[in-house]
Amino acid sequence: MFRYLTSGESHGKRLTTIIDGMPSGLRISAADINTDLRRRQGGYGRGARMAIEKDVVEITSGIRHGVTLGSPIGLTVENRDWENWEGPMNSEAIAVKDKKQVTKPRPGHADLPGALKYDHRDVRNILERSSARETAARVAAGGVARRFLDEFGITVRSWVVGLGGVSAEVTGPPARLFKAAEASPLRCPDKIATEAMKRTIDLAKENGDSLGGIFEVSATGVPPGLGTHVQWDRKLNARIAMAIMSIQAIKGVEIGMGFDAARNPGSRVQDEIFYRAAKAGRKKVGGFWPETGGFYRKTNNAGGLEGGTTNGEPLVLRAAMKPIPTLYKPLRSVDIGTKKPYKASVERSDVCAVPAASIIGEAVVAIELADAFLLKFGGDSIREISRNYKGYLKQVRDF
Amino acid sequence: MFRYLTSGESHGKRLTTIIDGMPSGLRISAADINTDLRRRQGGYGRGARMAIEKDVVEITSGIRHGVTLGSPIGLTVENRDWENWEGPMNSEAIAVKDKKQVTKPRPGHADLPGALKYDHRDVRNILERSSARETAARVAAGGVARRFLDEFGITVRSWVVGLGGVSAEVTGPPARLFKAAEASPLRCPDKIATEAMKRTIDLAKENGDSLGGIFEVSATGVPPGLGTHVQWDRKLNARIAMAIMSIQAIKGVEIGMGFDAARNPGSRVQDEIFYRAAKAGRKKVGGFWPETGGFYRKTNNAGGLEGGTTNGEPLVLRAAMKPIPTLYKPLRSVDIGTKKPYKASVERSDVCAVPAASIIGEAVVAIELADAFLLKFGGDSIREISRNYKGYLKQVRDF
Amino acid sequence: MFRYLTSGESHGKRLTTIIDGMPSGLRISAADINTDLRRRQGGYGRGARMAIEKDVVEITSGIRHGVTLGSPIGLTVENRDWENWEGPMNSEAIAVKDKKQVTKPRPGHADLPGALKYDHRDVRNILERSSARETAARVAAGGVARRFLDEFGITVRSWVVGLGGVSAEVTGPPARLFKAAEASPLRCPDKIATEAMKRTIDLAKENGDSLGGIFEVSATGVPPGLGTHVQWDRKLNARIAMAIMSIQAIKGVEIGMGFDAARNPGSRVQDEIFYRAAKAGRKKVGGFWPETGGFYRKTNNAGGLEGGTTNGEPLVLRAAMKPIPTLYKPLRSVDIGTKKPYKASVERSDVCAVPAASIIGEAVVAIELADAFLLKFGGDSIREISRNYKGYLKQVRDF
Amino acid sequence: MFRYLTSGESHGKRLTTIIDGMPSGLRISAADINTDLRRRQGGYGRGARMAIEKDVVEITSGIRHGVTLGSPIGLTVENRDWENWEGPMNSEAIAVKDKKQVTKPRPGHADLPGALKYDHRDVRNILERSSARETAARVAAGGVARRFLDEFGITVRSWVVGLGGVSAEVTGPPARLFKAAEASPLRCPDKIATEAMKRTIDLAKENGDSLGGIFEVSATGVPPGLGTHVQWDRKLNARIAMAIMSIQAIKGVEIGMGFDAARNPGSRVQDEIFYRAAKAGRKKVGGFWPETGGFYRKTNNAGGLEGGTTNGEPLVLRAAMKPIPTLYKPLRSVDIGTKKPYKASVERSDVCAVPAASIIGEAVVAIELADAFLLKFGGDSIREISRNYKGYLKQVRDF
């Protein structure tokens, strides 16, 4: 079990994550997590705030001398700009000079539905929590999950495959795509597409507009048998769809061939099954030999998931992110106090956050995989889980 | 809270659903549920089994004299063909004549990952549960949820918008689209597309192939404020994505503009906010006046969900169903006993089950909405919930 | 994970249980479950209804040819008296001759709080579900859990240690106590106390009164390490307390020395720790050698649980059952329709149901242990779980 | 819904609580929470550490300008002695001078079962989390729940009713008992018993021994209808038993008459039902009139819970705390490294922590009541919940 909660407002004192269920004996340091926090803050087209944030995690519990204890892991990310927000965001009912309320809900944000639901007349009380800043707390949780998966040779990667109207040509082994993505300012492995994306962003910026895009998440080294077909809420495809859709601004998710599968005949969609005998001496990944023999596919249209269960092929999914709803170009809205129409615009903002979203996508997929892995293999220490996992891999090899 | 579990194998004695959390005082009869069970079994392109099934629900608990008690609702759907399966599927270790094992996993099904996970040498032990027949139990649960939502003027509808390569032209008010869909053998409101779809199915049948498609689910009368932005696993878009993706053969889900939102600039995606004063005497829907005034949108690209919360506009989502994986045309696979390759094919099967899937889509969306509704408005009887809901609608109107 | 829901009213058509999370490969038959159902119906001092019921389970899913599939297990217990209740308890809004409402809530039952909560004017709508008859569905679930635990040498037993004012002398090895309990009409291992209890029951019957009592549940063969100290809601003592307190009429639960621990100094309460080296060839229990070496205690005041975690000693707990609230002797109450006082009494009823409650206690403890076992050892088949468990036992032995 | 997780080790940097589900609009300040933190640290018989700790909460999210936002509430309690523990408890793999391992598990603690489960050779890796210090994080959560309940006139109080062998005479109205308890160094309302308890503690201290005791928790102003009888895991008595048993060192819990109910005949146990018409102008409590009319009891042997549901009478429960397991007087144990026996003792420790435990008892009961309240009445803002609650109270009054 990997369960977690986050708390924290965008301009609040600190973001907090509590992870419950991590086994003992996992080597991990703040640096492991900071890598992902830094990756989340990159990307061409981000606004000025990214420079202020420079997120760094603090580990407050659950890890001692670089190793997990088995107890809940507490992670925090401080707001480096807190001194400027201590008044407007103070938890106490202090006298605040600058107590001006936000009364203008922005279209495309949680502002208006949130204010109606929670009965707030100051929209700040909503937007502070609905902000994508919260995802830093999830990326921190994802860093722990990723470190855990790494012990078992499971690697979660992502890249951008579309941005605005630009589609990238993305094929090849995950490791190579990932390397190219990390070198691209837009996390896109296709260099030509990267250039086109940059220009599209520049143009959108000139127009005061914003852009969304599509990213792909890949997980390799995944054994068959994570998730299950037996009950609707334990299907791994369902849980992953939930995790992905919970990321701010995501409006679509597809696994494997996804929507294209709906447009093709069955004979082109299903992944035929082949078998090769196991061989000694195959490549060892992270202490295990996940793909040294047994059943396999030559295609992966299913994206590694059949019947809610992993089938041993890489997990592949794509998510659609809508454009950032905060624009320079004004959008019409209504003041919730006066009920008068006004035109909503902002002076500075990101134009596009798809590269950041892809990192968050990695995080939530890593979390769901860690959760499914722990449910399948049980165990309270890395040693115990490794033993259980090895036994299962042998069982699968000998099936 | 609306939680439920299902049990039952495809050729087992009976499918069972237990629903926990339905309030008391809801008028409901088996007929309400049977309507949806029958709708699930229709559609052009279905195989012979649909004729055998003719599902009928039996209510075994939780409802008395046509009204819910507040206690768990037990629903069952008998297997009408049980006498022919009493041997092969008997729960006891009886002597069975025809105990031949299924050793040939079908590509695209849970067969192989399931057999590896659960260590089964007889693939029947997997396929009996992974079968889409299980969805009858969910449609039964959905029937209860739908009846509940109906009390509050919330209506969940669906229609098919694509099948194989054929796309339909689907615009207009939900009620009209729904009426047209119900009249179409493929649940497609577009008559011309319906004809093209039928021909595509006929052609696929000739080729021994199968087809998938895309359906849309719409929910009207939904108040703003269901779901929340505050914690990742309580976002309604996330929960709905999970529910939809948990349906057999679904490979993608998108809300509102979905993947197209990723390809358009923000100025074309966000739904601007307008306001009109409430008027007395507007149209009453199901005892409530959900849309008589207040904030509204002229577009609905968000599909009714912003920041994980409903915004008062209709909920709109689409799901991609892959083609049925069981084909006449052989697919290559491997016998799990001998490890020899073989060619998998079947003598009879559905060619396309998209219309059925759309009914299941309605069911799971109704369930998630009922769950979110109960969480937001609390209450243990319809009378109490109605009172709470009316109070909230007034609060929103006066906001 | 072992999760389950039950549904069914006392005089409804059928009780239903769905268990989700049982692994595949467990040998089990209806007879295994019926044993416990029969045990629940015994005991000196039961009323006439026990003779009517004669509960028999029907397995409707999840088990094939005597072995679990890994899919949800559906269990039902029919109401053998259904023909007499088809009118009063019909799910449909049929014309019912005998539709008289129950308007007189009985003190000590859920009748009045339930009617207020669910807004029912007919108390039957509450009492049908709050009845202890529901526990037959839980005992059925417990039968599955017990069969599972049996594979790993874990045995859950119970006996009555007090009834009315009579206390029994209960010491000795669990197996012997259990044998004596099974031979006693009151499930009390102490023969002299059994006689005194019988007389107390006879006297209570003459007085038109009812009696409660105290039962003890013991689980042997439990490995150290089930449950955890790390998060409040995963502590096994907490989960067991919840399960026990959820049994109808239970008002207290204590683990190990329980309330007496509060009255004694620490030096008499804590169980000192000893060690003996493991020896080859020790007694094998259920395929495992749970107690062949390592750390042990000479006392078990903790009842096998320290810090929310099992410590390898037998689990021991006691529960207090209040007297059955339905008496011949009248209790004052108020008609909910007329608001007039009346005197509540019944013509026939059980005088004492403590022996039955002890069987239910076994069931819910078995369920919680199975759940904790599955969380700790993971695995989807008995073969996989056994392998994981053996590895852990060795790890503990070599600690 | 009121769900929460805690993290933090006893000598770690900081304890953290995240509460998810608190509605918006609740006025609350750190001072409200600090009151309970301070109360937890009091009591005759505590060791020196209490003086070091002086817990103070920091609110890091979810509350702005003294009012809840509806978003998750982050609470932390710093370790004031952190500078002395920064080496031994550092999260990073730094070079630590004083890295000596704890290899001597203390009987009665989680030390040994925890080390076996999590495969730790340094018992500090267990004891740091299993320590009762964690309860400060729960008391902080309880402070929020208490503030919430206060809005609806629900008050949770506690007092000590037994300590070592000394029993107190505790009868009278909750408010008076509470006042007397707060004035007692042992939180015992009975002055004579308080003196006897102090002497018992002094004697235990001289003997190098420790003591447990029994505390009672009372909740007044509770409406009928919280919890339910319909499903085992939603019964409020079960959930409260779980919460209480999850407190460190608790070995028993009983509701109302508890274990005594098992020893008395039904005619003395059940609470008869009476009725009085509602009157205008009765005493207003916290904005509501919970007890101005309707059904009531003259006795409260049920402790306010019948059939898993509150019945409108005060909730009353008792918990048994075992003596603190750390003694001056040596207990025999075994070094996990050498396997040699040794005698475990400590130089300084608390002798008795029952008064502190009673505060924790208040906290967890307040949390469960807040959770049940939110489930029953729904709502996302205090205004909405108040409206729903008032409607229900009227419904009950007019029943």
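Order of writing sets the chain letters: A, B, C and D. Residues in each chain are counted from 1.
By definition in this document, a contact is a pair of C-beta atoms (placed from the backbone, for glycine too) under 8 Å apart; a residue touches a chain by one contact, two chains touch by 3 or more.
What you see is a predicted model, and the numbers here were worked out from it, not measured in a lab.
**Student:** Chain by chain, through touching neighbours only, how many steps does the shortest route from chain A to chain C take?
**Tutor:** 1
**Student:** Chain B and chain D are the same sequence; what rotation (0 to 180°, nearest 5) superposes their CA atoms?
**Tutor:** 180
**Student:** Roughly how many whole angstrom separate the Cα centroids of chain B and chain D?
**Tutor:** Their C-alpha centroids are separated by 43 Å.
**Student:** Taking the mean of the C-alpha atoms as each chain's centre, how many Å separate chain A from chain D?
**Tutor:** So the centre of chain A lies 37 Å away from the centre of chain D.
**Student:** Which whole number of Å gives the spacing of the CA centres of chain C and chain D?
**Tutor:** 27
**Student:** Hunt down the residues of chain D that sit against at least two other chains at once, touch-wise.
**Tutor:** Residues 5-6, 20, 70-72, 117, 119, 126, 129, 225, 228, 230-231, 376, 380, 383-384, 395 of chain D touch two or more partner chains.
**Student:** Can you tell me which positions in chain A touch chain D when the two form their complex?
**Tutor:** Where chain A meets chain D, its residues are 3-9, 12-16, 18, 20, 23-25, 27, 29-30, 59-67, 69-74, 76, 89-94, 96, 99, 117-120, 125-126, 128-129, 380-381, 383-384.
**Student:** Per the contact definition, I'd like the list of chain D residues that touch chain C in the complex.
**Tutor:** On the chain D side, the touching residues are 5-6, 105, 107-117, 119, 126, 129-130, 138, 162, 164-165, 204, 207, 209-214, 224-225, 228-233, 235, 237-246, 248, 250-259, 261-267, 269-275, 277, 295, 297, 302-303, 306-312, 320-325, 327, 329, 331-334, 336, 339, 341, 364, 376, 395-396, 399.
**Student:** Note which residues of chain C are touching chain A in the complex, please.
**Tutor:** 1, 20, 70-72, 225, 228, 230-231, 234, 374-380, 383-384, 387-388, 391-392, 395
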